[in-house]
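One chain, chain A, links the two complexes that follow: it is found with chain B in the first and with chain C in the second.
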Partner chain A sequence: MQPVVILGAAQTRHAARRPEASYAELAFEVVADVLARTGVGHDRIDTVITASSDFWDGRTISDMSVQDAVGAAGKSASKVSMDGAFALVYGAARIASGAYRTCLVVAHGKASEGMPRAIASAAFDPIYERPLGPDDRVALGLQARRFLDLRGLGEEVLAEAAAQAWTAAASNPNAERREARTAVQVSSDALVADPLRGSQLAPDSDGACAILLADEQTAAQVAAASGREGGSTTVRLEGFGLSTDMHGLGDRDLGTAGVLPRAARSAYEQAGIHEPGRELDVAETYDASSAQTLLWREGLGLPPTGGPAWNPSGGAMGAQPGFATGLVRVAEVFERLARGEGRTGVAHGMTGFVGQAHCVWVLRRR
Partner chain B sequence: MGERVAIVGAGQTLHRSRRLDVSAPELIDEAVQAALTDAGMGPDGIDAIVVGNMEHFEGIHLSDLWAVEGTGGVGKPQLKIATGGTTGSSLSQAAYYLVASGAFRTVLAVGWERLSDSEGETTTGIVTAFDPIYERPTLAGAVSGLAIMACQYQSKYGTRPEDAAEVVIQARENALRNPHAHLRKPVTTAEVLASPMLSTPMRYLDMCPTSDGAAAVLFTSRPGDRSAAWVRGVSGAHNHVYLGDVAEGAASFLNTLTIAAERAYKQAGVTSPREQFDVVEMYEPCTWAALEWAESLGLCAKGQAARLWGEGTTRLDGDLPVNPSGGVLCTNPIGATGLVRVAEGSLQVRGRAGERQVDGARLALTTGFGGSFWSEVMILGRDA
Partner chain C sequence: MDIPDVEPVAVEGRIRIPYRWPAGKAGGRFLAALRDESRLLGQRCPKCARVAVPPRPRCLSCGAVADEWVPVGPEGELVSWTVARGGPAPVAWGLVRLDGADTGVLHRLLDVAPEALKSGMRMRAVLDGRRTGQITDIAGFAPAGGATCNR
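Up next is the complex of A and B:
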């Protein structure tokens, strides 16, 4: 697939509760913001891809209620019912097919209006698993324990990773968690799912994210029209990878990064990256627990220390607005590269328990 | 420009009201294996999978990941699309764009619905699509919006209930030739008019059923010497959120179908749809919709659709056969329904539609309907 240009990105200030805004209004907020940032009007947007969950929204055909917010009327639109990073694959493909010049990709998630644990339990097999009462956090606990056991590590590594995430998120104005915490602090709150404590799990957040994509020619026109220097700040999507694992928790080795390396390999190959630890300047991952922070780092082929700037936004540990979470990772890498902080970055999205499906994007500034 | 894309395989399950003989992954597998057999291809030939299913109907969150062993998605890229009634057609479009973009060579589109033993239910699911405060108290499920459309159509053209009944009579006749179809029993005008009223003017037999079933279609940019149906036009048009806004100022209730069709016709070089198409596989959730939407598609003049059916133009041996498969009125596995239209259209232009084959079909029109009166269109041709 030919590279596609990111014209701009916008995200909400993610929060535990945004009672003043419906989720369509959260989507509207980021759409209005990305249009303002790029100087592009709705009339120049050819097609729209949204990402949302019917279970999270409590609405069947959950894309229906955001059609006005994203300006889809009269246009061809579609919905990817997965994390927003996956929706970006469809958006980029629509442009690379030559059928559309621009595509708006919008994802939202509003945890405060639902019951995240009950919803999560509905994703387990109704006969073999659900009667045992599992939810996403139970699965995350099993994964974290297996991760530690497999490597002979102690729980302190989870605390260290969590403290690093809390500290990074503290300086991210969009994060829900905005207070730096030490490893001692994140080790002292109650166990939620052994060995994970509350502050070692990503929060349930309200938020949205929008990314505007364009082909090369349109991107140059938009840059020229806005009077900005187009060439030096153009960030492209240069490679992606997707992979899917088995569903049953017992069918996977939860202590490994599972099928993530497969997705990463595909993305790196397309982008011509041979040594991710050296060639990447920034990495943002969807880490639903501090064990995942460590696992996904390994799965992306990055060294335990050094290498690219690691989750400078705080990652998903800073805010987890449902299906917007992975798209926020792409937005974070984009903004960093667009500001000139590095040239190449990787962003990771995830759907399903403990990483059943992964999506990896490589972004590069030219 | 992107790659040219062809369909080289299509498979369906036996669609029934209950498929208690199989689990959902087994149901999906039935369609996937049929598509692979049709294409003469093994699972290794598939580079990515696009899956469609409506979670609320099914009662399973992330149902795509739950059913991954049926789709063959383990270890592969898999995307889930869920857009209500359009899910099946949205799937076919996603698969098309993923191949046309060069992202993947061969993509399998898989849609399914299994309602008979699930915790979900179609109408309770669809009710939640509407705004809880402004619309839900009056717009209960799929029937009401379509009934409003039918009322408007009826009052505009004076169309009689027996005109609409002719649509389901022909659909049921066609379904007798389709082993996959769910409702394979002929009906008469008297039976349709005596069936219970759901919402004026729509009666029970005017409305589609809900079915257990799955469909799978293989899209590729490298058909080789396989029998191929080429994708000649792809388009969609979406709409506002509230029903009161969707048809405002439009020539027809489903103005999105006209918009989408015009775009797709342009891509395929279709200027005279009535003459150029050899077969239509239309997403008609009810008899009245078939009438109005044939007009939206430009198959006849406004208000003339009853004649199209009444004079037999739409019959299998007519000038422009509509839904030789029996259509949605006979088979409706929701997440697969739109994909069944594409599958049937592809079988027709590949000359593989068995007893329901339209002689010499070269150009097929397929449509999808869903959401707040959205439309999607795909045109398939024997020639690239």
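Up next is the complex of A and C:
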């Protein structure tokens, strides 16, 4: 298999609403940005993988809503209707196979144009659950309650996790939430789905993310052409894991990290990581609630305190641009490593209710 | 040519497409027993004995074809709960593991104040007086002892 190098990443300034931008314009922002950052021309892109949702975009074959923006026409293009971290698996496999030298992976989400709760409700089982009218926040509340009960924890742990996320997001220029909050402020917010308060839920955001992958030889050529030293500071994808749990909320124990440890184990094994708490320098997770911030940390095999820089971007609690959310985690880890802030990092994406499917990536700077 | 900025323009729309979702053999049997006999049925795996409610065509644990039916409930344990406060009135939701079942059922919780909700409490299925063969034939789950089975 060919090693897979990340040439560059780009993301939008995520926001609650971007009414002036079409779906395509939102995606084009990050495509233009990643091409400019890497100095790679459109004609050098071999293949394109996008992540989008028909329900979120309000049209079937939703990859067509961004086809022009990502330059898919005339190329081998395909779509993943899951979080962008999963689309990266498809893209990386194309490079690893040796069949393609460069692959552009693009994910977008525009929550403001639809009704996020109603769209989430449509993902429940149509026979046994959907007629009752649940939505994603019901699932998040049930998970958070079970998480606390299973461990005998009080609601203050959720407030502390949320305050940490808000504070981290405040210094992330791309986050939608840009205001530091204390645990006391977070605790005084109104309950949305007990025990979760509004500030303990990830926001619904508009945004996009693009990641450009290449094989080693191409990465060295691109680096040489840009005047940088030939591939001396490349960041590679060195391990990944995927795992899917049962769909029904009553079929799994929501108080645990579910199948995340399985995905993490696979990613760590491939990357030769034995002690993630010591060997990783940065971790970014798709946490849709403060309970998930704590759960996914545990699921990734990290200690409750110490260990790698934890969600330094604020995680998904800072911005949740639909299917771009997991790909943004990869972009955040990439940027840190490329800047020289650490050598190895883990990025996590998820799809489905409260962590039904997890995707874990290990990135390493060489 | 100078092009001035304009107010954002958007097309407003709504997608409404009728669908049918067949309950299948197993689901049909489960919903018919609920409608016609006021009974809650689970499906037991012949291989690993896991009892699933609602029923599935295959055992979720081991993949065996489950075709053995066992009565479950109507009482059970509240595994987790939440109160959704986004709408006009708060709605209590729970996952209830019916007696004899290994899985939890997602449903609305009735006749209970949010402050009284506690994981582990005993609940009882409250059936709707008018049956249509849908999951809504269960009106919800109320604290055991308080409510009767039929409203």
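We take it that the second predicted complex is superposed on the first by the 361 of 366 C-alpha atoms of A that agree within 3 Å, B and C clash if a C-alpha of one lies under 4 Å from a C-alpha of the other, contacts with A are read in each partner's own complex, and residues count from 1 in each chain.
Methods note: a residue touches a chain if its C-beta (ideal position, glycine included) is under 8 Å from a C-beta of that chain, and two chains touch if they have at least 3 such contacts.
It should be emphasised that the depicted structure is a prediction, and the values quoted were computed from it without experimental measurement.
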item	value
Per-residue touch tally on chain A - higher for chain B or for chain C	B
Which of chain B and chain C A:Ala208 touches, first, second, both or neither	neither
Touching partner for A:Ala283 - first (chain B), second (chain C), both, neither	neither
Which of chain B and chain C A:Val346 touches, first, second, both or neither	neither
Chain B versus chain C as contact partner of A:Gly58, first or second or both or neither	both
First (chain B), second (chain C), both or neither touched by A:Leu242	first
Partner chain in contact with A:Leu191 - chain B first, chain C second, else both or neither	second
Partner chain(s) touched by A:Pro126 [first = chain B, second = chain C, both, neither]	both
Which of chain B and chain C A:Val31 touches, first, second, both or neither	neither
Contacts on chain A seen with chain B and repeated with chain C across the two complexes	58, 126, 246
In the complex with chain B, residue positions of chain A that touch it	1-2, 24, 48, 53-55, 58-61, 63-68, 72-82, 86, 89-90, 92-99, 119-120, 122-123, 125-126, 240-247, 259, 262-263, 351-352, 356-357
Complex interface listing, chain B residues touching chain A	1-3, 48, 54-57, 59-62, 64-69, 73-84, 90, 93-94, 96-98, 100-103, 119, 125-129, 131, 234-241, 256, 259-260, 370-372, 374, 376
Contacting residues of chain C [partner chain A, same complex]	8, 10, 13, 15, 19, 21, 23, 27, 31, 52, 54, 60, 79-86, 93-97, 103-108, 114, 119, 134-136
Interfacial residue positions of chain A with respect to chain C in the complex	19-20, 58, 113, 117, 124, 126-129, 131-132, 134-135, 137-138, 141-146, 149, 190-196, 246, 248-251, 254-255
